[in-house]
Amino acid sequence: MSTTAPELRLPPSRHLTPPEVRELERTWSDRPGILGWLATVDHKHIARRFIVTCFVFFLLGGLLAAAMRMQLARPENDLLGPDLYNQIFTMHGSTMMFLFAVPVMQAVAIYFVPLMVGARNIAFPRTAAFSYWILLAGGVFLFVGFVLNIGPDVGWFAYVPLSGPQYSPGKRADWWAQMITFTEVSALLASICIIATVFKLRAPGMTLTRIPLFVWASLVTAFMILFAMPAVMLASTMLIMDRLIGTHFFNPADGGDALLWQHLFWFFGHPEVYIIFIPGLGMLSSIIAPFARRPIYGYPAMVLSLIATAFLGFALWVHHMFATNVAELGKSFFTAASMVIAIPTAIQIFCWIATLWTGKLNFRTPLLYVLGFFFILILGGLTGVMLASVSLDTQIHDTFFVVAHLHYVLIGGAVFPLFGAFYYWFPKMTGRMLSERLGRWNFWLFFIGFNVAFFPMHILGLEGMPRRVYTYPAELGWGTLNLVSTLGAVTIAVSVLLFILNVVVSLRRGALAPDNPWGAGTLEWATSSPPPACNFVDVPIVHGREPLWQPTRGPEYVTGLATHAREVLVTSVVDALPDQRLMQPDSTIWPFVSSLAVSAMFVGSIFNPWAIVWGAIPVAIALTAWFWPGREETRKALALEKAP
Amino acid sequence: MNDARAAVEPRRRRQRPAPADGTALDVRELPSYGFGDHSLMWWGTWGIILIEGTVFALAVMAYFYLRTRVANWPASVDYPGPLWGTINLVIVLLSAIPNVWAKRAAEARDLPDVRKWTWVLLAIALATIAVRFLEFKSLNVRWDSNAYGSIVWTLLGLHTVHLLTDAYDTAVLAVLLVTGPLEGKRFSDVAENALYWNFVVAAWVPIYAVIYIAPRVI
Amino acid sequence: MLLAMLPMATPLAGAAPFQNALNPTGIQAAHIYTLWNVMLGVCTVVFVATMIGLLIALRRGGRGDETTPAEVARFGDPERIAHRSVVASVAISIALLLFLLAASVFTDRALARLPLQNALTLDITAHQFWWEVQYNDDPPSRNFITANELQIPVGRPVIARLHSDDVIHSLWVPNLHGKKDLIPGETSLIQFRADKAGDYRGQCAEFCGWQHAWMAFNVKALPPSDFERWAEQQRHSAPEPATDIAKRGRDVFESGPCGMCHNIQGTNAHGQFAPDLTHVASRPTLAAGRLPNTPEHMMAWIVNPQQFKPGANMPAVPLSPDDLRALVAYLQTLK
Amino acid sequence: MRSERLLIAIAAVALVAACQRETRTFTQPPAGGVTLNAVQLTPLHAGAEPPQPPVPNGYQQNAYAMSQGKRLFSAYNCNGCHANGGGGSGPPLMDDVWIYGSDPQNIFATIVEGRPNGMPSFRGRIPDDQIWQLVAYIRSMSGLAPSDAAPSRNDSLSTKVSESRQDTQKPVQGGSEPAPSPQ
């Protein structure tokens, strides 16, 4: 039954004639040509570009990392000087955090949340498009700066006063601060799209208790972004103002304070870790269910754990500041909080293990990545518990131990699930399967290379090697482990090359993917691979948590949505009862144009504060044109209009 | 309106009624827009409000954090002159009334009233902006004289940005209501614009307190 | 692989005894080391246990593929066994976390309870990229200043007030204690004690710019009597140069660029923007641990410091070969 | 096609500007032998203009050089007489008036040679590259340096607007030496 279920909802439609289906498809498709390409508001196209762009930044960040490992491979190496090395590790951190980890998770959400909730498109599709273009602009901006020797060189958390007006001459620090602005705008807008989609565009019958765990994770993450990112935006704005117009936020001599920066930054920076980590958890749940041939054990516990993690994530920022002289009592509180947050994650891990234990396992590449996650993330989580202790932290803080820890949690907790999810969803996105053989090579090389590269760093840190040093003296005996680590890094590079090879080859010659190659139970597998422009020819009606696995009772699909207009079905927040036929806007170039205008304003403001003023004029014009309704569209809308 | 509908009528008739076997759920009679939490844009607006509310809250926290770093506050400058700020407080609070009327008119889909109140609101917004520039003059401190000046200017600046954006927003809406093209959805746009203005009003009260009262009492 | 490498921590600890958190030679570092061992033990057990659980799960779990019917019946089933085992595991995790929390808090208290009678009080100021140390004494006339080295008496507690002259740095001597940040505009305190004589290495642990990597210093823990002898000698001004070449060297120092930034007690070179050189010859290293303190290295350093520490504030000082030789000869007399 | 050329041109300009502004030229030892302040010994000369010493590249538009100059300006106690450029017993440096000329060479010579009534000679006390850094900074005090490279405020009590926000003072020859200081 579970295998026959998907075919029920495939095109050809169950109620539309073939010409109507063609019209529906035409209605939702992009206009042809380069302009049509720039004007798309199809969440699948936006997300695909998003993912590819983020992956390119991942590769660039990886190259920077390789450069660092080369420099550190032996003591007193003179491959890179301190000036270039400082730029490189700052670029690496900033790229991976702001241009890869956060946006790629949102990108996957932009692609799959609408599909998993059975919507024909994401909410506010033009905003989603703008969010992509502005992130692209920010990334290009950062790397152009790097090429022009304006690469930031103050570390990815840019502590003042080093990043302040006196100790960072030139524009490098401003460049970093403005890159933050770009990426934050992108992340915040994408979050709004995701929240609205989850709350209002779910297929009828998908009550809150039937939302797939990945969608829950994306929703929780989106809310975390809403509350976390403003902190760093405020901080980086203060930094720019200190540097450009002489404010004194971080100037102790004039009433400012250097620690204000650290408080604001880490109030964002720690939730950031979970903003990256929680979507990974959602991906794991999506993968484990089909590969264990059963629903995830303990759905309510999983959801509550996600939410608990999100709340606790805002209560631990000070554990990044244990070496400063903040009050000791406060420190103990943050120790407790930092240890408590391990519990929700533990709950989820145990639930997954229970799921595997009681399931029928299908050992394919996605599941391998899940198992890799278990090994790496648990290890990283445990070192995290160590770092939560004030006194132990004073020894390992700011050493290579921390470098090891953060890579264990971020690569283990985000990148491994992401790769697994990529192998899992690639057939849906492209209509072709990835090669299983290359996939296994890719996984094992990555897994082994990763541990060889990063495990020794724990020991290096305990042996006194601080992070962010461009070289180290031979007599301290750090050479061997650093060399080992560099070899591991090379292995990772090989593995990533295999991955690229796998994608390129499979795109051309990969086996054609059926609609539901893994026999999964969630809605994205109910439509064709790749999905049609309208996602679902017949908007499905949901009767359970794993719709494709469970029998349907009562109505199975929605009729009455226009085929000549982009109508989506809006449902109620809790019970997902049909509520509205909302006509979505047509494809438009204005989000792209607006992103250009906004970028011009941001870049200009680095060189002259007044650029904010005169730069705002084109922005206002572009946004007005964006909002202004077209006559043809309005006529369509009027024809379909029904007052509430 | 009717001729417009007539133009599309044939296409809609092409859609056969839902099959009677109970496998289909027909939604063609559902409304095509709504107000409050029925409207998608209402959720979008709330998203923006949450983000900007967080920024305000953090800026206020920064204000009090910086206050703890120095002995006397405001450091070596006069208190901000309360006159214009208070006037602005009054204007902004009063503006809540026409704002409510605009929202009601929108929900009643009463186009003439919606037009009227939108223009009134625009006028009020412009007035507050004008007063706001006098406020900057009466702060008695420059943004670059010390950290106190920096944070006060930032708070006031942040709120001013909201006045400007909402004024522009209202202006565009007001013009659109006159020129068209119009559809029912525009009424919910007006309602959401009113919601956003309520946020700008609500935000000004604590910020006013921090800028003008806090230095005198802490 | 993990289990293979964990033990490596201990043998490798031997490799570099003079900058190593796993080789405590002071009571504070010892407390932290104990906590480390507790944490390492507990975490290793937890990790191994979870991995075993996972492996069992993988063995126990049946096999299937994408065509295997999914067990949706699970939706109704309370799954008692799974429920019990998950609850049990979570309970154990919570217990262990509470234990670790307690251990951590007790360590904090132990660190705070270092007995401080007749402590040696220092003022340590960090600069890009070197350390300035002032030894406080009673009367203050007996205070003295040195740079990039710390000599402390074994068994006597040290209270250091930490300042920064420019950006945030962090003071870290892993063998003696954890790190503490030096933050401009604030004064922080660190208290430690060396219980074993020997040479230890400290290093800046907060990224502070181009030469963060070469901002190190030496800590020499020595018997109290030797310490007093050293301190007494540090209080003296520089001796009159005995030889002609040394005299010429001093003239070069006073009349050349050196005196603009460096200070030598007893000469009229009173620069305050670089390390005090009154006893430079008595120090083990040059340029904050960058070079061993030998005449050859000193010459090389003076002629082209940027070759060794790019971005440091010491400029290349062009001197005629004779002047250079004389200058170094003089500096070598400053024991 | 033409737009491509335009883009390339813009990129080239940006590249040059950014490089001049951003490079951190850590001082290198002078090539061959001793050249501690080898410039003309006196501003006076008979007959034709003698060749001026070349101004080394990468100082006048360079942010790092100017920030180093700013550091040295207080380290070498130029503040003692010029008081943050406002002028004290020495003439102000923020204004448009230049007694001995505003060209880098003039300022260099002023520092090396000293001037009557108070300005001491720093010949032999400051290496050339540091003097050029001081020169670059001193010019920025009266807005003669690009504002995107000139130093911003220091982390100290704000006494005046930073060099980067200082509007350009068009140099005029003139002013007079301060009165002989009573010693």
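Which chain is which? They are A, B, C and D, in the order written, and residues in each are numbered from 1.
Note that in this section a residue touches a chain if its C-beta (ideal position, glycine included) is under 8 Å from a C-beta of that chain, and two chains touch if they have at least 3 such contacts.
Because the structure is predicted, anything quoted here is derived from the model rather than measured.
For the pair chain B and chain C, chains touching both partners: A, D. The greatest number of inter-chain C-beta pairs in contact is found between A-C.
Centrality by C-alpha centroid: the chain sitting nearest the overall protein C-alpha mean is A.
Work out the mean CA point of chain B and of chain D, and you get 51 Å between them.
Averaged C-alpha coordinates give centres for chain C and chain D that are 39 Å from one another. Taking the mean of the C-alpha atoms as each chain's centre, chain A and chain C sit 37 Å apart. For the pair chain A and chain B, the distance between mean C-alpha positions equals 30 Å. For chain B, residues that reach two or more other chains under the stated contact definition are 144-146. Counting partner chains per residue, chain D shows two or more touched chains at residues 24, 26, 153, 155, 158, 161.
Listed for chain C are residues 184, 210, 310-311, each touching two or more other chains.
Chain-to-chain contact here is organised irregularly, matching neither a line nor a ring nor a star, and falling short of all pairs touching. Contact between chains, as defined at the top, is found for A-B, A-C, A-D, B-D, C-D. Note for the complex: chain C touches chain A at residues 1-2, 5, 8-9, 12-13, 15-16, 19-22, 29, 31-32, 35-36, 39, 43, 46-47, 50-51, 53-54, 56-58, 60-72, 74-75, 79, 82-83, 85-86, 89-90, 93-94, 97, 100-101, 103-105, 107-108, 111-112, 128, 166-168, 170, 172, 174, 177-181, 183-186, 188-189, 201, 203-213, 289, 310-311.
Residues of chain B touching chain A in their complex: 1, 4-5, 7-9, 11-12, 14-16, 18-19, 22-35, 37-38, 40, 43-44, 47-48, 50-52, 54-55, 58-59, 62, 65-66, 69-70, 75, 109, 143-151, 153-154, 168, 172, 176, 180-186. Residues 14-15, 18-19, 21-24, 26, 63-64, 66-67, 148-149, 151-158, 161-162, 164-165 of chain D are the ones touching chain A in the complex.
Against chain C, in their complex, chain D makes its touches with residues 24, 26-30, 33-36, 68, 71, 75-76, 124-127, 129-130, 155. Every residue of chain A that touches chain D in the complex is listed here, in rising order: 83, 148-150, 161, 164-166, 169-172, 242-246, 248, 250-254, 607.
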